[in-house]
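Both of the next two complexes hold subunit A, though its partner changes from subunit B to subunit C.
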Partner chain A sequence: MTELLHFEDLPVGRVFECGPYHVTKEEIFEFAREFDPQPHHLDEEAAKASMLKGLSASGWHICAMAMRMFADGVILKAANRGGVGAREARWMKPVRPGDTLRMEAEVVEVKASQSKPVGFVTFDCRIFNATEQVALVSMTPIISRRA
Partner chain B sequence: MTRGKQKASATLIHVDGHDLEWTLLRDQQWSSENDYQGITVAVRKAGVVKRELILKYPYLGVRANGAWRRPDKPRVTPEIVESAVRAALEAGWEPESRGKPFHFEVPDEAAQ
Partner chain C sequence: MNYWEDVEIGTHRDIGTHTFTEDEIIAFGKKYDPQVFHIDPVAAKDSMFGGLIASGWHTAAMWMKLSIAERKSAAAAGNPLQRAGVSPGFVDMKWLKPVRPGMTLRYSAEVTGKTELRSRPDMGLIETRNQAHDEATGELVFQFTGKGFVQRRPR
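Moving on, here comes the complex of A and B:
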């Protein structure tokens, strides 16, 4: 079994390559029906007339896909004690059906707890769409056990 | 796959008779809450527990004018840490003392 990553294994500057994640039209519709039922995420004609000029995934769906890539690429490999929220989430470019996404999660801040055997590790997460444009940026702190 | 350093490790420097070690605590970053922030470096007497120095640098790089822009990532060199440590020593940090960390805002002239 691979050893888990601890706080000491996550210095500022370490970058994790996460993904890929393939986006389908069916999943865009399914997520939108359940959680973000705006016409431009549910209907192709409405999407063409929208600001984004075509069907695109809900921003919250992009966050969920990002979480899946982050979980597979970092969280499930770390001695993780949970999250404390997300400091930023910016939708920069649309994510379209057929896109294959990838993610870079870079450690940008670390802080060891003075009283508990854990530390806070903040990741700058960048999601790239099929044309390598940054589709989402977010700042995500996690709590990691110390070695 | 990962890039960058695989383990947190301190870098040793010798400044004005003091054997010190430093680690990077924060890279340059931007948030809507705090705008652009510079790097933060922790410095301590090498190998012993003494009063830590926390160096807070100004943001070094191009700021976005309106649209989001990824913060610049300056290379953190021993030279820019040394000049900031000297400024902190002049401002009153005593590496041999004990107690709470000494926080120091690095002036522009000591950050380059």
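Moving on, here comes the complex of A and C:
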């Protein structure tokens, strides 16, 4: 097993390629039925008449998929101590059934704790479909410093 | 139905409670956030949280679920609803306390801002401060500022 990433390994500007994540219609329905039962996530005919002009994934589902890509691509390889939050999420374009998503997670801010051997690392996670950026989710995990 | 013009800053809605179970915490974690403290109750005991906790995104998605359920029951009771559209996103989400199996969270939403949109004269933006408190202790556990498009009154 390779050594875990520590705070010192995550300077501003470092980028991790994450994904891919294949989005199925079944998964869009499944997430929406449980957490976001609105017609534009659940009903193909109603979705066509909506602001998003077709069936699309819930924004909360996009965040969950971003987390999965972030976990597999960064967090499970890091000396992670949990997350404090998400500074921002922007749902820019609809995520459709059949899309294959990929993500660039870029370190944009680092702050070492004054009292504990950890640091806060903020990543801007940019999510793309085949042609364009569809979302941004900015997350801040706590990462251990090297002993 | 209410329009953007009818939405008042300061309006507070209690949107309901949810008790998180171990099974649903693990199911969400396995699918979307497979860190050991979200998926393995035994290994989680040795983690910095000392036990299983819900993914922060699970806590967040539950706000959406309760918000929609509350809108539906308000509509069924004949109360006017906003003509809600979609959301462009949110800011300042904070996971302040771990959410453990058996914990009941009380969720709320308060209107904190209204913005006109030059690019979409038929829509306005509203901002809401959304929170969840631990029902047992009253402590603030979760918070974010949401944004939503709401239809404007036809002029």
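Things to note:
Rule of thumb we're sticking to: the second predicted complex is superposed on the first by the 135 of 147 C-alpha atoms of A that agree within 3 Å, B and C clash if a C-alpha of one lies under 4 Å from a C-alpha of the other, contacts with A are read in each partner's own complex, and residues count from 1 in each chain.
In this section, a contact is a pair of C-beta atoms (placed from the backbone, for glycine too) under 8 Å apart; a residue touches a chain by one contact, two chains touch by 3 or more.
Computed from a predicted structure; not experimentally measured.
Of the two partner chains placed around the shared chain by superposition, subunit B is the only one that A:E17 touches, whereas subunit C remains out of contact.
Looking at the shared chain after the overlay, A:A130 reaches neither subunit B nor subunit C.
Looking at the shared chain after the overlay, A:M51 reaches subunit C, while subunit B stays out of its contact range. Annotation for subunit A, partner touching more residues between subunit B and subunit C: C.
Judged by the touch definition given at the top, the superposed model places A:V110 against subunit B, while subunit C stays out of reach.
Of the two partner chains, both subunit B and subunit C are touched by A:R90. Once the two complexes are overlaid on the shared chain, A:A79 sits clear of subunit B and of subunit C alike. After overlaying the two complexes on the shared chain, residue contacts for A:L4 are found with neither subunit B nor subunit C. After overlaying the two complexes on the shared chain, residue contacts for A:F35 are found with subunit C alone; subunit B is out of touch.
Counting contacts by the rule stated earlier, residues 87-88, 90, 92 of subunit A appear in both its interface with subunit B and its interface with subunit C.
Residue ranges of subunit C in contact with subunit A, taken from their complex: 28, 31-35, 37, 48-49, 55-57, 60-62, 64-65, 68, 85-95, 144, 149. Across the complex, subunit A meets subunit B through its residues 7-17, 87-88, 90, 92, 106-111, 124, 126, 134, 137, 139. In the complex of the two chains, the subunit B residues touching subunit A come out as 1-9, 23-27, 29, 31-33, 40, 68, 70.
Looking at the complex, you find that subunit A touches subunit C at residues 31, 34-38, 40, 50-52, 58-61, 63-65, 67-68, 71-72, 75-76, 80-92, 136.
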